[in-house]
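Data block below; observations after.
Per-chain numbering from 1; labels A, B, C and D assigned in written order.
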């Protein structure tokens, strides 16, 4: 089956290529009656938008969303919502020297192997640009979850390469281009990024996403567990190489007497479970961590082959994110919101309003 | 949608409760013509079977599989394969004291919140016993992948709590009850487990699964990327709290000039990508890591509440795995095989045989 | 995708072959809390069971259903319900002379073309025997719809070959082996069938199914309209060659001023729409008609070819239904119930309880 | 699940409302390498376009399609194809007097019951205008089927109200606005329609669709049989009240010795099966019949109620099709092509190229 639809009840069908006429998505399954307008969606797209700081790709896309359907007199109708974002700032010329080669670490090679053809324009379908429609759809989910359940979905960067970023406050997150929840570390991050840009290299990052006020009971065992669907959505995000919930990889060394979150009449005493027990939400905050790998499009010269199989070297010029993780936070939030909304509807179907 | 079906073209529909009459699955989508008999499946079930060492749960289930349909004269017919495993060794009495309480870290609480009813018998649907049908289905996938593509799917334990297990050989994996690829460390693992059992506690583990000879080109971007579906299957496995591909969480601190796997005419020079690029297989070995949390069913006394919300303590007696990770390896292999087979069929549909 | 699952939220996964060890299904998505036991299901199976009159196949199968999972202390748990029916009365020998040939009008030929192999035993997967699991699943749906909404799903035969059967009463339907709603015509039907059996031939039939008390608002336009899903389920039933809703094919010659059902404060003045408007239930009774073709397995000699392509003739002996339509009523009811339950859950997801 | 996606491997996700900014679809699953451009699609849309004769609605929409993605240098890339059609000729004013009432026979009532809100503009999502994206997607399927298998999908009108239209030639179909395969009857049809328009009433019709050169073996028993999926697609088309395959409702009175299509080394001797046996294509032409009901939007005064439940009468003015069946042929062709392409891909997945 074509893999461009996410979700089973709240479905997002994504289309578009980085340098084609437009990108967008169809959001199907949003219940009727939700107050929605283009600014609701634009707000989230603007958080993700390239060209907003010197630390991200310098491609300047307005990313203006147009609502084509599904909204009437300011409210969703229950019919599919078509969202369109025109591409304006393509520079296909920047990709001239990679037409015949493959960037190490990039999807170039595997796409060629799969489809038997290359769309060399800016990564085509594999480009991170295709996360914009996801963010647009996530804006709808975020609003619906907040309206229906008071759920809040927020994320931040907890590590940039070797630099650890301790959490200080949510307010700080929106005040710097890194989505870092800590004002004091921003200068260090900027210095690090400037050095990286001069070196023409890239770096990885770690992102945290949290959903609060999620009712207990969401998740569809045994295969569509809530954490399984979250992992599916997150690992599907460009550049993600690892996903964990709650204690994650630290649970390996924990004993049961330490890991199991004890319960009192006033609530849980800890949250190693990350808000998911047996694949079903427990009512605790859902905490997700993502490991983001460094970008493949770097100026550093690397060994590769041509499409004929001859050895060559590759350098990538152009306007690329030295750290894809810097813009990942709003996308991870969108994905978490989309998965949660899908599960909210599934819980309604199976067990009534949860 | 009911979440008990895994896959889109090669579908596994799982049913059963730990202490009900039987567990099993329906495997739909296996192409006709594969040589298959019950021993093929039994072999994998036996690797997973409880009661095979003192380090796992002492519940003794023969786990004998019966093929109900889909096979004729020793070959698959292309019609659904019904697999049945009768439960024989239930001891519902062992669960008497938890009927009114919730085990910290266990699905008890969230299942109650979701369904509004308790099936207190052995964890009901949340029990790890329900991984047996998954392993049975995985046996079919393993055989088909090997027959069609020469693909080999193997796993091992790389860490037991604080004890690191360096990889020595695949042969070693089948010679000890830990699926540890290292003979020299087994004694240390056994000592550790004996101490744990005496303490009535539990521990986590780290499992690696590897698929070799997977052709390049499998995966359905942008949402059903191969790594996304792998993460979905793995995170859905009981007790898994983290999933990573290739370099995983180590990619956070890697530079692009280090992480990107260079390509020469003789192949790749490294495999930080873990065999998946842009969500599509690259032809390199697919390497997956799982973080398994410690079991919730322990003798150590823990704080909890009753179903009426009153404070209480919980101790779990009975025949439980002190380390669920010990038996996870064959299940993780089965899940990886199932996902790969699903993607093999999807690639055939979209792009011809890959 | 493997085509053995019906439904999107209330899913029925069917497995088994006519002469294999067993047939059955997994019913996934039934909400928790429904009172259910084996007799609820057996009652419907018995209505369908072969060997209950001289007018249907003389194969004697007890069709005893066993509930393998999903029910605890007399109520559904919300987890998958596994249903098993063992085959006992197979006579593979009756099919000896068709191994190398194809029965005209039968699926033999097309199955061979699809799968490249023959399961000559009693039609294998194409056998009408595989409607038994559907009826079992339909029993669950019928009960849930009745309990939740007071919905009643009933059917009857309205035509047997050339013999028209005017509707007199629902009570009459259960009193004769034809599911005919008219006592006065039964003798004529029996005479007709006796003659047919002597001639070794078969005949078609027309079945009506009606669902009453269905709330307005069910259906998921534009592709999963309620009537579309009903048509999908019904046309998928063995031997069905036509499906219509309401006025059906009579609507061709109707004018809008006649066809459109007028509305008054007391309700609709007619029901040409058959209870479905724009693909969504209107609250009126949903009326469905099925055209059933005559059985292909007849004693009359017919031209065919061997698997090598040589001309030959075919006669089918054994215990076959001279009119498949005679037992179709309970199956059509089951299918309508399954589709309605699926849509009830979908409506709950999208728009709350409807 | 949101019901706006058709197909499982070749998926069409439809969006838009009749009087919204735009309508369109996302076509996902088209294999790479198919030569495709906008004229290929426009050609089919023009056959369906309103305002092309005095017998259809006088709303003048250019229905110009724009390809937003999925095509590069004249060939499909294997990635989703976004198709956009802007609405230009909306006249919301024509619907003023129905805002508070429901047109008998129209989806107005059931949509209101389902969603709890009215989009009174031109039928909103229930409008037949939403068949345009389906036709656009069907154009892609038609081309692919023709290119890969030489399959031809064609339809015609066989009956307009009481007027029977005997088949004379395929060439005639494209020469008159009725898609009638018979030149001699056109004058009678025009006279009939003129009278109908003066009366302000509407009429039903019967459409036939045929697919030739379909290989044997397509279809996924037991629930996703080819005929079942065809019925699903067709019954989902606006105004369809009945679907039949081959002999259809005539099979009711046929004996098995007459209905079963005999086979010789040179092929089948008849085609009562309509090209589908046991839910799988037999290699014979697939013949489908549709019963189309008369339009609900008529000038004849009819009884209805207001949204408050008060009795009233309704008359519909504006630019409506007096016979929706007149433009149904290209849409029915598109639906048949979409279903066939979906099954072609499913056959490739399960059994290799068929």
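One rule holds in what follows: contacts are C-beta pairs under 8 Å (C-beta built on N, C-alpha and C of every residue); 3 or more make two chains touch, one makes a residue touch a chain.
None of these values were measured; they are calculated from a predicted model.
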Copies chain C and chain B - interface residue numbers shared by over half, same or different: same
Of all other chains, the one whose Cα centre sits farthest from chain B: D
Chain A-chain C separation of Cα centroids, rounded to whole Å: 46
Intercentroid distance (Cα basis), chain D paired with chain A, Å: 38
For chain A paired with chain B, centre-to-centre distance based on mean C-alpha positions, whole Å: 26
Interface hub residues of chain A, defined as touching at least two other chains: 1-2, 4-5, 8-9, 14, 29, 32, 78-79, 114-116, 125, 221, 346, 350-351
Contacting residues of chain B [partner chain C, same complex]: 1-5, 8-11, 13-17, 20-24, 26, 28-29, 32-33, 66-70, 72, 75, 77-82, 84, 114-117, 119, 121, 124-125
Residues on chain C engaged by chain A in the complex (per definition of touch): 1, 8-9, 29, 31-32, 78-79, 221, 345-346, 348-353
Residues of chain B that touch chain A when the two form their complex: 1-6, 8-9, 12, 14, 102-111, 113-116, 125-126, 130, 159, 161-162, 196, 201-206, 215-225, 227-236, 238, 241-265, 269, 272-274, 276-283, 289, 291-298, 300, 302-305, 309-311, 346-347, 349-351, 354
